[in-house]
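Paired with chain B in one complex and with chain C in the other, chain A is shared by the two complexes that follow.
On to the complex of A and B.
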């Protein structure tokens, strides 16, 4: 069992007059429905060229038993330093949800309930670079040919 | 215009032999609408928390319940993510499709905020 903790803080001195914004939240990354910590992770840095949709991370069927359902977490950051014409569309399956511009990051619990719930990303503007990490409990390595 | 600074920190001493301890931060210009940190009681019925009147935005969500999961969908009906008890999410959102929340059971509370850039 591993103990991995994610913490987010969101602050702004000037969003609301007279009241500085300060949000903090913590969560321990655990297996579905239990307090046991996740034991596997995959991290990486990739340069991805524009005009292509990429699948990021495993399909549900590439994870063991029920491990894919609920207990996965994704951190993704667009580390490009280019202007606003460079960004990465991100979504789940065919649903585009948001755009990661230079320096933007995201962290979500990912409910990979089936193979149609895969994470998709598509860079725009040119070659973008991503930094990512998946936390899970049962990645399955692909069987050798 | 306001500046929003989100920071994520991931820490683990034992998920691998190489300890994880890193932070990433961003500086976002917020120029339009804001839903300030809010807390809402959910049921098993859909509740739209992110209307399509918003454009490019950043979304913060946290399940404040101790046991009950909360489902989040972009309004095409696909289950996008499930926030287990105590979990949070932060992500960019285009506003092209609304964000809907509902409980897996019972009436958990969802804390959320939306910042339109």
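On to the complex of A and C.
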């Protein structure tokens, strides 16, 4: 059984004067509702041109038939360094949720309830470069034409 | 100006060559990416005993269209239970178009958030108590309305 762990540390000596902030959390990524580890992953690095919305990762129907509405995880980092005003709008389907600035990363669970719950990204400011990793147990390959 | 650093480490042996991701970011403002975020709504812990959806981040407390960051952790230990997490005005549920994902017991998430719509959650169970920890690192907080 594969083991995938994700750890976060958030710290600040001066956000709350008199009370230094230190948050640490660990989790082992498993299949939905059980302790069995995830078995599939998909990683990549892409340079993406500004002004276009892109789908990142699979559609729900590109995951095993009835198993898509479960436990998937996305790590996404904007590795752009040329200009710190560059960012990527990210969201679910047509709804943008936040801005991933140059150098920033994010880590979220994603349940991909249907094909209208895909992850979308739209670069702003110029060509952005991203690196990403999906962790899942239900990706399927597209049937060849 | 405050300094807030966030680091992620992901290790996996799913593939035959080990995956190891390690990245650190400093949370900065949208208008000036060289200036650190310096506001927060504070670290909160909330107990959930029903499946009723609840707003955990009210967008009207935050400046719209900014570089906020939201940290959320399901502090429960049961992997069988989870919270739906959604970017939605009033509810979080499986069928909500803006549902982001399911945060299982022990899972955490950290995401950029524009502050334009509420963040809502719903527990998957009413038979077991679940706890949620969350914190907003804000790029602008609107003064409380009287």
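Quick note on the criterion: the second predicted complex is superposed on the first by the 141 of 145 C-alpha atoms of A that agree within 3 Å, B and C clash if a C-alpha of one lies under 4 Å from a C-alpha of the other, contacts with A are read in each partner's own complex, and residues count from 1 in each chain.
Please note the rule applied: contacts are C-beta pairs under 8 Å (C-beta built on N, C-alpha and C of every residue); 3 or more make two chains touch, one makes a residue touch a chain.
Everything numeric in this text was worked out from a predicted model, so none of it was measured.
In the superposed model, A:35 lies in contact with chain C only, and not with chain B.
By the touch criterion stated above, A:93 is placed in contact with chain B and with chain C alike. Shared-chain residue A:127: touches no atom of chain B or chain C.
Contact with neither chain B nor chain C is seen for A:47 once the two complexes are overlaid on the shared chain.
Looking at the shared chain after the overlay, A:61 reaches neither chain B nor chain C.
When the two structures are aligned on the shared chain, A:85 is found in touch with chain C, with no touch to chain B.
Within chain A, the residues touching chain B in one complex and chain C in the other are 2-16, 21, 23, 25, 27-28, 30, 32-33, 37-41, 70-71, 75, 77, 90, 92-93, 95-101, 103-111, 113, 117, 133, 135.
For chain B in complex with chain A, the residues that touch the partner chain are 2-16, 20, 24, 26-28, 30, 34, 36-37, 56, 60, 62, 69, 71, 74, 76, 78-84, 86-94, 96-97, 111, 113, 115. Of all the residues in chain C, the ones that touch chain A in their complex are 2-15, 19, 21, 23, 25-28, 30, 33-34, 37-38, 40, 42-43, 67-68, 71, 73, 79-80, 82, 84-85, 87, 94-95, 97-104, 106-114, 117, 135, 137. Interface of chain A with chain B (complex): residues 2-16, 21, 23, 25, 27-28, 30, 32-33, 37-41, 70-71, 75, 77, 90, 92-93, 95-101, 103-111, 113, 117, 131, 133, 135.
On the chain A side of its complex with chain C, the touching residues are 2-16, 21, 23, 25-30, 32-35, 37-41, 43, 69-73, 75, 77, 84-85, 87, 90-93, 95-111, 113, 116-117, 133, 135.
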